[in-house]
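You will see subunit A twice below: alongside subunit B first, and alongside subunit C after that.
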Partner chain A sequence: MSVEVRNVTKQFGSFTALDHVSLKVESGELVALLGPSGSGKTTLLRIIAGLEFPDLADATVLYYGEDVTRIPASQRKAGFAFQHYALFRHLSVFENIAFGLRVRPRATRPSEEEIRERVNRLLKLIQLDAMAKRFPSQLSGGQRQRVALARALAVEPKVLLLDEPFGALDAKVRKELRRWLRQLHDEIHITTLFVTHDQEEALEVADRVAILRSGKIEQIGTPEEIYDRPVSPFVYDFLGNVNLFSGRMKDGEVVIGDTSFAVTDTERVAETQTVAFVRPHDIHIARTQNGAHSFPAQIVRCHAAGSVATVDLERLDDRVHFTAQLSKEEYQQLQPKTGEQVFVQLRNVRLFTDDYSI
Partner chain B sequence: MTTSIALAPSLQHEAAPRRASTAEPPGVRRLLIGVALAFIILFLVLPLLFVFVEAFGKGAGYYFQALSDPVTWAAIKLTLIAAGISVPLNCVFGLCAAWAIAKFEFRGKSLLITLIDLPFSVSPVIAGLLYVLVFGAQGWLGPWLDAHDIKIIFAVPGIVLATIFVTFPFVARELIPLMQAQGKSEEEAARVLGASGWQTFTRVTLPNIKWGLLYGVILCNARAMGEFGAVSVVSGHIRGQTNTIPLHVEILYNDYDFTGAFAVASLLTFLALITLGLKTWAERQNEILHGREQTA
Partner chain C sequence: MKNPARFTGQARVLPGFRLTLGFTLLYLSLIVLIPLSAAFISAASLTWGEFWSDVASRQAVASYELSFGASFGAALVNLVFGVIVAWVLVRYRFFGKRVVDALVDLPFALPTAVAGITLATIYGPTGWIGEAVAPLGLKISYTQLGIFVALTFIGLPFIVRTVQPVLEDLDPEIEEAAASLGANRWQTFWRVILPMLAPALLTGFTLAFARALGEYGSVVFISSNIPMKTQITPLLIMTKLEEFDYGGATALAVVMLVVSFLLLLAINLIQWWASRHHRTELA
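Moving on to the complex of A and B:
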């Protein structure tokens, strides 16, 4: 009971969009495909919808166990919401939503009454009942995206596929709409796959997140799993801001400058020269040296607007810049000044074996 | 997102003085408008009026008598036949070509686009001559056609062929940019919603391009009825048989029947005026359909 792709490869000329990708979305699950542009996430979604076909003969797309690899999009019964909505501009909101029902062959087409009833129910669901007669051009971006979702849902799809559903909206509407999508999904429990390049969106909305890089799935897991236990520097970097410290391995600890720090997942690292990854909120700043576990740095810039304060620093030994994030309270207590020398402690220091440069 | 929000006021701020600085002083403005107006009156409006003045020069009776002449009627009929065949054909061809060019990637696509424009760059007389060289008595296919008793040159088929050639690009040219701008996402949406290929075409593609298509058809029709050069070469100027309206006007004029020539010419002038009106209307409808999308 799931939507699944196995061994899917897709090339556009010499560019490999997808490289032997397999993915399984459980029934009723909401999965995010997260990756930078060009990572193949949209192509994967389009292959699942039947808008593109995989290159290799042994690639399969399964809807609830049924092989749909060679079935055209029009017969797959998937719901697809396009990044730029692709609403029919010559049809009203009502007719846009009714489209999928009206094009059915006579035998399976609902009666005019049933169509009206179903469309009205969907209009209520997307809270646009008053806009039924409007044309897409008379709606805001957020309203258009909701109409696009209702249009996709009208045909009672087996799977809902959303391509950057909030990509073209401004930040505020985006937040509202993704909360709405999550609520909607909790109500109707439709198997959903959505593409995004916004890690915050993926982590907030999805049950599981698949991270794509150059046509391959780098990691898949719950938001907590991938945020707390990234398998690669790429995933680590993609999920949030990151500071890099070059250092040496010594006795299972990483030595940065003259200071050693404990490391999460030490067994992975054997080499002596290494790069340590630290999130800005895992950097602690103090005026006094606290034992051996801190190194000196100079404050380059402070900015305190927003929910957290950001402090740009520079190491005194190799002059490398890094960024720390402080809570408002910490910032108020410390009152850091530009040019001041402080001591820096690191928490949750992470090392990766494969070479990856950010 | 945040950058665009931050940028917006500064852009507006910049735009305002720039617009003011490019505005010309009132004297220059009046001069430019005056020059443009003078040219339009001298070269467009006056000749247009002159056509009607000449046409009705000997009274309305003579005007209608000139039009009801059987030879004139034959010319009108032939023009309608030529346009009636070439416009639908070019309509179908234009749709196919524009669809292929806008929605698919294929080898030779740029060559096809170039070839569609060929009739614009080739002189119509040359186009007519090409058909004479191919289908004429001394042409490549001449002996074969002669043997099978098929007449193309100096007959109606030749006129239709020449008309198709010169009107070839009109519909396609109009639709290609329109369909390219629309992309294929609405068609894809229709497909995913379960629409068949034909349903997608009739319910999504056609409604989106109908005004552009009409616009192309209007221009195509105007050219088909007004074409002189290419048709003149292949027609043979047989009165009452292979003369279209423009050719008939020339014959009447050469016969010093100025009033008759202008009376028939006034038909083409009417056609031009109707075309202009329809064209403006179709253009506006198209803007309403597609412009709304952008302004919202």
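Moving on to the complex of A and C:
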């Protein structure tokens, strides 16, 4: 029981938006489609909704086993929320939510009383029961997006599709709303796909994250899986800040400058010349050289505003810049100064055979 | 606190309010109000009895019915077909679209007398269309139907040109949202697109209606101008002027003025009401 696409390709002129994409979303799952702009994530969502159709005849879209590939949006029963809400501005909040019920054919249309009851229940769910009579222009952005969600939920969709649902909101409202979305999903367990280009949002909200790149799914997995075990430098880079160190392989370890470091995930056999990937928070700074596994660097800049402190450094041998992140306590203990020379240790060093360059 | 007036609400963001309002009032007075008030002053030279017998004569009442009825009907017909024309021009790409787009404006530019003569010929008993409908027992030119056709002709661009930009600005996502909620094309049009067009439709209707009320040039050619049957009010006024009955002419003019103004005011009020939810009033 799932929502599934198989072998979907879509071209716009000479631009390939989707290239033989297959994806399966389990019933009740919340999946994020994450990728940079132009990666095809919105196109994939629109194809699942029936607002767009795949190019090739062998593509399939399945809702719980039922083939809906050629069925238009109006008959698919997919709830869709748009980035810019697309509310009906001539209708009140109440009527916006009731719309999907009122356009049903007479045989399946609920009675006026049932409609009122259902809309009121949804208004409570989105915490806007006091706003039923307002028009969309009288609501804030976050309120409008909640109305758009309630409107999509009113028709009891088989799947809920959200296109950059928080993209047009400011940072604070975004955070509130995505936490609310997660709670809502835990309450009603509707199969949900949402598109985002914000990795933090995807990692925080979703059960699984699919990372798209140039019309293909690069990796799919739980937030932990993709963060801890990225399959490519693209995924690694997309999920957070990254430092690159050029080095060479020796005895299963990577040698950077004169210092060798252990490599995480050693199954990957890299060529002798290689690039090591290290996250800023996996870089440790010390004043003294503790053992052999550190190399010297100079501090270029420190900034300590925020929950973590950031230190920009420069390698002494090849003058390459990199960034380390320290916790507030580490930073206060160390008290690094600009221009000072320190020793750097690397943890969780990752290598990729892929030729992707950042 | 360089500018304390800002905090008392004296100064406005956009300067020149008094200057522009003053100019607006002066301009309106010179171009509209003073000439129109001349009609009232002229009509005031009549006694009540004379005035009443002029404006309530059977011939005058018949002409009001024709003028307002035909104008209203023509504006209504244009409302329907104007939306279709605007829809086609906005939604589809086809060969010759630019030409069709330009054709819509033709009734604006054509001298109304030319329009009248052309229409009278084509819809006349020996014209292409007149001949074609004659076997059905229909006569167009020189009848009330002819007047209606002429008023429809001159009113079309008003609806098309007011609806077109609004339709162009309509976000396609709105229609996709309706579709994803299960609405078919027809329901999307009736329940979503049309209500959103409503303010523009009302404006277009008002303009077309007002234009038709004042039309004279084309009607005199296509109408047989028979009193009680095919005589519109502007023509009746003209007839009175030719008979040097200036008082009678201005009395009718005053009636036209007052009724037109009231109708336009009423439509404006409806429009204000219809667009109420476009105004943002964050409480």
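Observations
Everything that follows uses one rule, which is that the second predicted complex is superposed on the first by the 357 of 358 C-alpha atoms of A that agree within 3 Å, B and C clash if a C-alpha of one lies under 4 Å from a C-alpha of the other, contacts with A are read in each partner's own complex, and residues count from 1 in each chain.
Definition applied: a contact is a pair of C-beta atoms (placed from the backbone, for glycine too) under 8 Å apart; a residue touches a chain by one contact, two chains touch by 3 or more.
A quick note: this is a predicted structure, and the numbers were derived from the prediction, not measured.
With the two structures aligned on subunit A, subunit B clashes with subunit C. Contact with neither subunit B nor subunit C is seen for A:244 once the two complexes are overlaid on the shared chain. Touch criterion met: A:88 reaches subunit B and subunit C at once. Once the two complexes are laid over each other on the shared chain, residue contacts for A:73 go to subunit B and to subunit C alike.
By the touch criterion defined above, A:170 lies against subunit B but remains apart from subunit C after alignment on the C-alpha atoms of chain A.
When both complexes are overlaid on chain A, the residue A:275 reaches neither subunit B nor subunit C. After overlaying the two complexes on the shared chain, residue contacts for A:138 are found with subunit B and with subunit C alike.
Shared interface residues of subunit A (contacting subunit B in one complex, subunit C in the other): 49-51, 72-80, 82, 84, 86-90, 99-100, 103-104, 135-138, 151-152, 155. Listing the residues of subunit C that touch subunit A in their complex gives 171, 173-174, 176-184, 187, 191-192, 195-196, 198, 277-283.
Remark: subunit B residues 1-2, 5, 185-186, 188-196, 199, 203-204, 207-208, 289-290, 292-293, 295-296 touch subunit A in the complex. Taken in their complex, subunit A has these residues touching subunit B: 49-51, 72-80, 82, 84, 86-90, 99-100, 103-104, 135-139, 151-152, 155, 170-171.
Put simply, subunit A touches subunit C in their complex at residues 49-51, 72-80, 82, 84, 86-92, 99-100, 102-104, 135-138, 140, 148, 151-152, 154-155.
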